[in-house]
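Right, I'll just put the structure down here and ask away after.
First chain written, first letter: the chains are A, B and C, and each begins at residue 1.
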Amino acid sequence: MSIIKKIRDLDTRIIYALAWIFVLFPLISPLGLPIPISADAIAWNNYVTDEVQDGDTVIFSLMYGTSGMPELFPMSVATMKHILEKDVKIVVVHFWTEGPLVFNALLGQVDPADYGKVYGEDWIRLGYIPGSETAMGSLATSFQKTVPNDYVERKPLDSFAIMDDIKSAEDIDLIISFETGTPGTPEWLRQWNTPYGVPQITGCIGVSVPGMIPYMNSGQLKALMPGLTVSAEYEVLLNKPGLAVAGVDAVSTSHLLVVLLVIIGNVAYFMTREEGQ
Amino acid sequence: MVDLLPVWIAVFCTLGIYSILYRENNWFRLAESAYLGCAVGYGVSQDLLYIRNQLIAQWSNGGLAILLFVITLIVGVLWYGRFNKDYFYLYRWPLAIVVGTGIGMALKTVVFTQFLDQIIAQANTPFFVAGDIGGTINNLLIHLMVPSILLYFWFTGTIRDSGPMKVVGKVARYTMMAGFGSAYGYTILTRYSLFIGRSQFLLGLPPNAAEARLAFMVIAAVMLLSMIGYDMIAKKEQPE
Amino acid sequence: MKMSDSLKRIEIPIALTIIATLLQVIPYYLELPPVKTAADQVATLSLTVVAMATFIGVISIVQVHGKRIQRKSEGWPFSIIVVLLAATMILTGLPFPEVGLGVDNAIFQYLFINALTPLGGTMYSIIAFFITSAAFRAFRAKNIESSIVLIAGTLMVMSNAPIFVNTFPIFADIGLWIRNVPNMATMRAVMMGAALGAISLAIRTLMGIERGYLKGGGEE
């Protein structure tokens, strides 16, 4: 059997082994490749820096579970660090079941107290609300009716100073959403942006990016963080390298592997097809 | 020793799932079963917490609020008519309310968010951008591509064989293929990002526990050797 | 006709769907404060109705895996693990923090951090391997259309990797162009088509024509 045919019929497990090698190698021995900064990272950084004003009220929502953590957790941590440097009120709410516990993991990386933020005055957690888009619409109408108690102290929302001026979507200045699917940006836009005009920025996994571009083009979405690579660029811009920067070399080598396999696979296919003909 | 156990369990769970890459095996089935059990249990705990919070809030409001909440609880119990043939019809009532509310929530704004706003954005895309030939070409392409795809979706059947529709169809298909290629590229990014995250954990890279690396090597060796050894024995025992 | 027979009529859930839908839609377009108040109340209470469905999955799992354990069918030891872990998470996660149960319970946290988190993260990452294998075996330039997918996909992969962008910065521009022009056009058209489809589905549901969600139970 010619070598080309052997390559064409390569055992799948060898391909899997190559994937392991191409990912593990740069993690064990970092290549230190420079990280070019893209327009997306600059736009996100600029929006959070310039458009989020002191005194604003921001919704910070982790719309993902453990399955999305590797890609979305780094950008969530970096963005949280960025907005904590500002004098803004932060309302943390989730419409994904695992959101609260993912946020617990985020608190293990970022402590608002280190930025002088006091729970109940500067930030508050509302926990998980079941019901997907209906829950998002209900929250937009009335925070207090949808979520009677906060997530941490289990006290009525009105007992916290931060909620004195927060009753509905009309009191929110920005939504920051990190998401892996549904419910996500379309639901936010339908329930918060279209009826109340609340602006939104979204960090999402790569798979979701193509579907977000029409919203970016129409201006419904103000900024987009599309995946791990741009997340690494954002960490570089903030001068706070973290999880994303640590993984970006492996992104390069894994993508190199895919490109090589596509080329080799097609070359082997066409050469053996000609032989067969 | 006790401190190491959580890390070893987490590594075992991770490698148990990855063991499917070698072949279907019991390590994978063990991990898969654990995932199913934990995921179901976790979802229930979050829902019950929400119900409890609502119960306490409505109770403190008193009067009509309590009555409405009791009615809500009764409606919620009707879900479980699903499990009895004689009472299956009751399951449809809460389903109808939830589906209707969800449809209504989405319907009231979907025409603006995903239709009118997109048409406005398309109409506001200028044909010519002064001083930017690249921008002009891109905008002209968008003005060509979007209507082509819409026409391609809306007009099916023999009309597609007509002269103009053949051209429209080609433009639409080629545009969509390029779009799907873009989706493929981003899918690669996502899936490898997830794999990189797990690899960082297995290698014990900060902020993950450093002990994970030893657990990774030991458990991977045990799993691989057990599967390879089993295959070798099974092959030997096979009648010639 | 007996009372129970009239309660089984399909018209009842259809009417409930129509009322629930119109209750949400009408106050958005017409200034009717009492209807708006009722709509908001129904929306909030429906969240509790949704949450109360939580045990459907649990009961289904217990039915399937319980049967497997009872009959000692193939894979029954794994079914014990499913049922055991589900029961442990549910019991330790019950919302009674007064007695040490709930999301802060030590066992609940232990299982979430050391089992659910790695399992969940790994389950979706495994597709990376399958997609790599597919890139080698199935991604072929057999005709014009598949060639366009291949070329656009490969260029997109290159634009997402710093190793290519550092070497040839033009890959970043090419990737952006693919994303912002043909992909944007495709997604915009798909979005508009899907919105029309959603509206027509909603109208069909409102008219009682669409009944797929009510199927089951061995009757109409």
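The rule is simple: a contact is a pair of C-beta atoms (placed from the backbone, for glycine too) under 8 Å apart; a residue touches a chain by one contact, two chains touch by 3 or more.
As the structure is a computational prediction, the values presented were derived from the model and not from experiment.
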item: Chain closest to the assembly centre - both centres taken as Cα means; value: B
item: Centroid comparison with subunit A (C-alpha atoms), farthest chain; value: C
item: Averaged-CA centre spacing for the pair subunit C and subunit B, given as whole angstrom; value: 6
item: Subunit A-subunit B separation of Cα centroids, rounded to whole Å; value: 14
item: Shared-contact residues (touching 2 or more other chains) in subunit C; value: 24, 28, 43, 46-47, 50-51, 103, 112, 116-121, 123-125, 128-129, 135, 150, 153-154, 157, 160, 179-180, 183-184, 186-188, 191
item: Per-residue overlap in subunit B, given as positions that touch at least 2 other chains; value: 21, 42-43, 46-47, 49-50, 53-54, 98, 101, 105-106, 109-110, 113-114, 118, 121, 179, 182-183, 185-189, 192, 194-195, 197-198
item: Touching two or more other chains - residue numbers and ranges from subunit A; value: 16, 19, 67-70, 98, 100, 129-130, 132, 134, 137, 154, 195, 206, 209-210, 214, 217, 227, 229, 251, 254-255, 258
item: Touching residues on subunit C, where the partner in the complex is subunit A; value: 24, 28, 40, 43-44, 46-47, 50-51, 97, 103, 112, 116-121, 123-125, 128-129, 132-133, 135-137, 139-141, 150, 153-154, 157-158, 160-166, 169, 172, 176, 179-180, 183-184, 186-188, 191
item: Residues of subunit B touching subunit A in the complex; value: 21-22, 42-43, 46-47, 49-50, 53-54, 56-58, 60, 98, 101-102, 105-106, 109-110, 112-114, 117-118, 120-121, 179, 182-183, 185-190, 192-200, 203, 205-207
item: Residues of subunit B defined as touching subunit C within the complex; value: 6-7, 9-11, 13-14, 17-18, 20-21, 29-54, 68-69, 72-73, 75-77, 79-80, 82-83, 85, 88-89, 91-101, 103-111, 113-115, 118-119, 121-122, 138, 141-142, 145-146, 149-150, 153-154, 173-189, 191-192, 194-195, 197-198, 201
item: Subunit B contact footprint on subunit A (complex, rising order); value: 13, 16, 19, 23-24, 27-28, 67-71, 73, 97-98, 100, 109, 127-130, 132-134, 137, 147-149, 154, 156, 186-187, 189-191, 193-195, 205-207, 209-210, 214, 217-220, 226-229, 243, 246-247, 250-251, 254-255, 258
item: Touching residues on subunit A, where the partner in the complex is subunit C; value: 10, 12, 15-16, 18-19, 33-36, 38-39, 65-70, 98, 100-101, 105, 129-132, 134-135, 137-138, 141-142, 145-146, 154, 195, 206, 209-211, 213-214, 217, 227, 229, 248-249, 251-259, 261-262, 264-266, 269
